[in-house]
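When the chains are written out, they are named A, B and C in that same order, and each has its own residue count from 1.
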């Protein structure tokens, strides 16, 4: 029994971190509450009362999911300095270092290489502080998840028909690098990978791609309530206009799937 | 008379700062003229001759308004390091520290929390340099401005009808946090709050929301000439494409209001 | 013969830098390979195998053009810290310091003043390291390239008809500062200036202006294959969604020009 104790304790901690609502603390903040108050006292009050205490404790989306959504928003929007706070919070909320690593790699393709690279500095600080080593990070070439060959063939055919006469190289990379490689990496579940993609798209107002990726996310298990909370959460991190512009797109997706 | 002198002098200074055209100096610049010349001599010349001397002295929009518009553009676009120069210029142009504080708080909601937070560092430097203390900043919960209940009820009903089935949480926050709270904060006049909102939207190409907020700004006193100058000013700070994309939207608003 | 040798050697070097494919090395990188591996090992592997070795060696677009496109993307997207690597690579690939200087000045107008200014720091570092002095940079007021008066008059008339009633100041600046000045600066060839403009527009999702500027680029000599490779290249530096959103626009331009 003695050797089982830490394993059981670990299991309990896992359960705790993934179900109990966690909200941001002031740990790892770029600017302290005092600094913010010296410029905008109301902003600090709103940060504590509304953003941290209210938004993060809403039902409908777990702290873990909110952390993934927030990481995606910060990386996609070029707000990497905020990651010292939010990568730390993500780990506290049950996101593994391997998953954070995969989010960064994923967003190199979806938010641009430079935005992903900018995350290396602050996330590296958080990993170093917590003693996270290479053996906790995803393999470079892990065994891929199984592929739905039929669905992928249809997707590739559709994109090819549209754009093979414009940019055949990009069409080929989309197949080889994204859908037959990146999306099959096992260290971030397809549902979470889609969640991160949708959050990144909404965060920078790329509405054109939301329909495809929101449907894909919901096919992988994201519920309507969760998707709704993602948009509400992002109103704060990506600004009201980006959230409002996502609403008609989400409405279209929800209505089509209900019928 | 002796004790009145500084008060009168103060009044004269107030008048001066709000009516006389002020243009940027090199005070607080992120990169000195010499640094810019060592990379792009023409850019420095254009900065002095066109941006500082020409654009900022155009009639149709005061230096104070141009300062508010520029602050909004820099915050919305993630160019916070430029604020050491432009928050200083704003104060020289008659924008109060309380108003700058409100602009930052306002843009947390309209440009995303991280963009507002990034302004804390450089604006804090300017405030510290000028000895600006907490008593010059807005109260956390000031007495709100009166609300036009009928207009707000109509707005809320319209948004609710559209999106209550998609994201009821966001619809509720829009009412509670924005239109029944943020917009009623008295330390930034409704016309200026709208000016800042419109400038932020144009600066990042969020054209969908411009129609509503430009109309709201003009309902609060922004003239057509001023709106036109806002777009012209932003061509320089947000780039020509964002300004050009705002033109057809503004044209639609102007034409509808003229009839 | 003795005095001709260095001239011939120089000519050979010129030829080499402009035709041989060059790919990024780790020189001047913001984060070292070790730093990236400590956070996202797969990202570093993709960076080396896919981005550096594969994308940069694709036929259809020279390393010099890829460097111009990458500089434009980084500046337009506010990723100036990456320029210590890519301004250096640009010079290695045959882009002259004068051309880099012109790219920055050009993008002040097309990506906003702050984005161009942010490039001054890192590019200044590269210039200093290489001992590049003022005499290698463009004159402030060089003799302009000849103007196609008829085409420019048509452009000005078209824009004036649309927007003189909205923002006559901006319409006038577009003529005076852009098309009768900036575009006639001789230190960046019109084809390269258009290439940089198109790359900047695609990189931040400003699709509305792509049609005009892609046509202009192709009128100045950019081939369809090169334009296609620009979009493919930018999928990596600006993210897949921005590249995908450019495809239907490019398709429309290509098809119209083929007929």
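The rule is simple: contacts are C-beta pairs under 8 Å (C-beta built on N, C-alpha and C of every residue); 3 or more make two chains touch, one makes a residue touch a chain.
All values derive from a computational prediction rather than experimental measurement.
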| item | value |
| --- | --- |
| Copies subunit B and subunit C - rotation angle from C-alpha fit, nearest 5 degrees | 120 |
| Shared interface numbering between subunit B and subunit A [over half = same, under half = different] | different |
| Intercentroid distance (Cα basis), subunit B paired with subunit A, Å | 31 |
| Per-residue overlap in subunit A, given as positions that touch at least 2 other chains | 78, 205 |
| Interface residues, subunit C side, partner subunit B - complex | 78, 101-102, 104-105, 108-121, 123-124, 127-128, 134, 137-141, 162-163, 165-170, 173-174, 177-178, 185, 201, 204-206, 208-209 |
| Footprint of subunit A on subunit C - complex, ascending | 30-31, 35-43, 45-47, 50-51, 58, 60, 73-74, 77-79, 81-82, 203, 205, 228-229, 231-232, 235-245, 247-248, 250-251, 254 |
